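I've put the structures underneath this note.
Both complexes shown next keep chain A, but they swap its partner, so chain B is in the first and chain C is in the second.
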Partner chain A sequence: MRRYQDKHNVQKQAYYTDRFNVQPSLPRFEVTEDSLFNATLLHVKGLVDVLEAYVEAGQLVVWVAPKANVSALKAFKTAGYENLSEMSAVDFIAQKGGFEVFYQLLSMEKHERARVKCFVPQGETLHSVTEVYKSANWSEREMYDMFGILLENHPYMKRLLMPDDWQGHPLLKTYPLQGDEAAQWYEIDTIFGKEYREVVGPENRDPARVDARNTVDFSRIGHEVESGAPYSATPTAQEYQEKGGIAVVSKITKEKAKTLKERP
Partner chain B sequence: MAQHQVEYLNSGGLPIALTSVDKLVQWGRSNSVWALSYGLACCAIEMMAAGGSRYDFDRFGTIFRASPRHSDVMIIAGTLTKKHAEFTRRLYDQMAEPKWVISMGSCANTGGMFNTYSTVQGVDRIIPVDIYLPGCAPRPETLQYALMLLQKKIRRQGANRKQALKRLV
Partner chain C sequence: MENQSPNRLRPFFENIAFEREDNRMVINMGPQHPSAHGQLRLILELDGEMITKAVPCVGYMHRGMEKMAENMIYNEFLPTTDRMDYVAASSTNYGFALAVEKLLDIQAPRRAEVIRTMLLELNRLTSHLLWLATHALDVGAMTIFLYAFREREYILDLIEDYCGARLTHSAVRIGGVPLDLPEGWTAKLAAFCEKFPSDIDDYEGLLTKNRIWKMRLEGVGVVTPEQAKSWGCTGVILRGSGVEWDIRKEEPYALYEELDFDVPVAKEGDSYARYLVYMEEMRQSTRMLKQLIRLYQESEPGIMAHAPRYLSAPKEQIMTQNYALMQHFVLVTQGMRPPKGEVYVATESPKGELGFYINSQGDPYPYRLKVRAPSFFHCAFYQEWMVGLYLADVVTILGNSNIILGEIDR
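And now, the complex of A and B:
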């Protein structure tokens, strides 16, 4: 059972604890058990230094040094892995002080997938692989945007998803779910300026907040009053049409309506 | 020639209807509420359905226009991200007075389920809203009802009213 935690004021507590990060481990197999993977690994080993290699979830996983990422991907490309289907990073700053960067590769001719991984310590840069795989261009920009890993020799090193003047990198485990101060006031600061913060007020982060007596922000159905007027318990009329009607449009009341018993 | 039936017992016996300029103008405005073609997320699909032939917004006089200069109402249909907020505000500013805003769906109303760092927690933080439309996503009928409520609101207003500064939030 999950450990009991006091739910009071849970929004203000730090959201990240290590219990979210217990890694489920998959069984790992020797590469020599699979002849296709073994041939690929031998080819790659002839070109770069491989730190570790195993087969996990039916895919070849190869660990290399972060400096060797471009040459490793070049080796895989010559081995027939012509498609970089995905790449990104995983935040392991709390455990290991850095990021695990992975490159997910696909070989159409061999019907096999492989994953090249490397460990990048926090604050260090990585070499861009856009010269090997063009599809890495936006992925690397996203990786920079979300984790702050800078890439050397990238053709256009700029944030992909967040605005250019955004502060922080949102996919870091330490990034607050509801944003830091800059994030919480971002739209007010960019549109109106910082002095407008007092006019608009802080964000309401409680999605269930309802105050029936607050007639400025809420209008209770059946008890509508003018904005700012005192709350009234007497029900208001719920008629769509104005008094006296309007030209051309006529109101059909329930009494006037006919119910057909059968199709005419 | 069209034959006008004269009701001698009503309207002083003449085939006329008495009204004020205010009411006439606002009646005209309320029946030609042109909407800006502007969708942000999945609510826009419902908005498109409301504009399509099955639900047919055109019979309310609501025609989607491609330019904010032509539009009277802005339907915020979907999640507004903080990156996009300034563009929404710019489009709103480009619309000519009189203008109205319908906030469509939970995301536009309050941020909805996106209680996160990158979503504007309610579009009324950046532009004034006339009608809040609940639902995730609201059905086209709901949007049509919101439009009818907006028409009702427009008819209540004076034609030549001084544009009161709309309160933010």
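And now, the complex of A and C:
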């Protein structure tokens, strides 16, 4: 039977699986009374509904509803987390039908790092957090660029890294690594127009490719023809002499050659 | 403005009208501009010579590294990290390696940590020297460029002696380092550390009290601590505005806990304050390198961690023992499978906080890898930072903020 392949995930897959392998997980710890994060979590719980909270790899992880992202970050900010280090999304469309968006926070006074996470179903928008942390400005633009998650109330909701007229969102699992059709023809379409696709031809991604039939860009030793002339399989004569001219090379023999003893 | 719908003759120009009634002028600086140190396009709206609006546009060097990471095994991705911050490649290597080590819960052996810390500090010096050289050149001091590049060459030669590469080192591996230091390397490093402080004095002699340098830098681009925190500024920009936060000190990794060094902080928040912080950081790095030579001599040999589930055995074991060879074969062809989970690990790169977020689903490929590049946030800050400055100060800010476009675009 042919192996099932998930069409929603065109990323590289591990070709070898061991069905007896039980993959371990990073341990997750409850936030207990004597935990480092207890005070922060209590403060945040008083202000927003926390769906789940645990400590993973030494950092607090707090799950909230996507509608509550701004209020959750405000709660963290009042708890002393003055810095939004990073934020982005993780594509879980195939598994759960949406994205996990994370906000990585840092408290310099408490020496704590925390991560606020929320699940955003595909097609739904999220509220921008630029009013709380300005560093979210570009991060949210990048997230929209890469995943297509639209942000409400963002001051400048545009693509950041990809061109403005790009089609598709590259970090989706459904987006092929080589780019989709629009991506492959992007330069041709924008510079010359769609009708030039056939004239220019597909992009050559193999830098070592040699096309013997193409006599404009390549020449083949022993089969040289004029540039653009049709390719000939018969070997060309190798003559070290001008056509009908004075023989240059053939008259030289070893005996006649003058050997210099010293440099002149 | 309403007429400007994009078409073939009038293409889409970032929604900015070129002719306006309020006598403002729009200047398109870049993407090819020598002071941008890469492909950065700045759309500046000017009132006279005063900037009223700045829109940085990036993405000209976007290579999709995060996408590439999702299609590579962890070890395969490591050389790609060289190409992010290509001025200090080892620090990016190290940031990634440390994040994966945290995910795997392994600890590199002591000698590997010493070599890594040496590389990190040497990279900090190369990065700071390149920053000083190009920044001074932009602002109008030619001599310093040649001096700084002379010393940078010594460091690059040292790194080349160690790993064979000058720019893209890949000198850090997940779980350790690939090689021990070559014979006589520490002596060369010690000689450099002896000489370098006097070179820093030379730079300071040329610049610190230089009237032109002070006029171009003092009071230019003041960053308040609130701005720096809100915009996610890290590194020297944060410390230059009076916030004492250095990850090497506050959340020590590698050997920084054992090293004796100070974190320079300046209160003023202007470009000149940041310049002073940079100079002092170079002195501190030299100080750390001197201590590291001693730590290296005291350390036991052994440069890769022992974790047979994730890391290959040493070469001699692979060549002599069957099981080590099998393990190596599996790790090279399939890649290691770290535990499920997510980590975010931050290190203090020369530019600021360099973080790697890795979401692992237990596959040999990271499910999601996000790079928190410090320059990304510094570049985003331009839109607020540059407003109110003069056009000539833009060059100061571009040089002074020490951005690397390879890191921003990834």
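Everything below uses one rule, namely that the second predicted complex is superposed on the first by the 180 of 264 C-alpha atoms of A that agree within 3 Å, B and C clash if a C-alpha of one lies under 4 Å from a C-alpha of the other, contacts with A are read in each partner's own complex, and residues count from 1 in each chain.
Going forward, contacts are C-beta pairs under 8 Å (C-beta built on N, C-alpha and C of every residue); 3 or more make two chains touch, one makes a residue touch a chain.
Since this is a predicted model, take the numbers as computed values, not measurements.
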Partner chain in contact with A:Phe102 - chain B first, chain C second, else both or neither: second
Which of chain B and chain C A:Ser25 touches, first, second, both or neither: second
Which of chain B and chain C A:Asp91 touches, first, second, both or neither: second
Touched partner set for A:Trp138, first chain B, second chain C, both or neither: second
First (chain B), second (chain C), both or neither touched by A:Glu52: neither
Superposition-derived comparison: chain B or chain C, residues of chain A touched: C
Touched partner set for A:Pro170, first chain B, second chain C, both or neither: both
Touching partner for A:Val200 - first (chain B), second (chain C), both, neither: first
Partner chain(s) touched by A:Glu124 [first = chain B, second = chain C, both, neither]: neither
Partner chain(s) touched by A:Asp211 [first = chain B, second = chain C, both, neither]: neither
Intersection of chain A interface sets (partners chain B, chain C): 161-163, 170, 175, 177
Complex contact set, residues of chain A against chain B: 161-163, 170, 175-180, 183-184, 186-188, 190-191, 199-201, 203-205, 207, 217, 227, 240, 242, 246-247
In the complex with chain A, residue positions of chain B that touch it: 17, 19, 23, 27, 82-83, 85-86, 89, 110-113, 115-118, 120-122, 125-126, 148, 152, 155-156, 167-169
Chain C residues within the chain A interface of the complex: 12, 14, 58-59, 62, 64, 66-68, 70-72, 102-103, 229-232, 243, 245, 250-251, 334-335, 337, 339-344, 346, 353, 355, 357, 359, 362-365, 367-368, 370, 372, 376-377, 379-380, 383-384, 409-410
Chain A - residues contacting chain C, complex: 11-16, 21, 23-26, 56-57, 59, 82-86, 88, 90-91, 102, 104, 106, 108, 111, 113, 115, 133-135, 137-138, 146, 159-165, 170-171, 175, 177
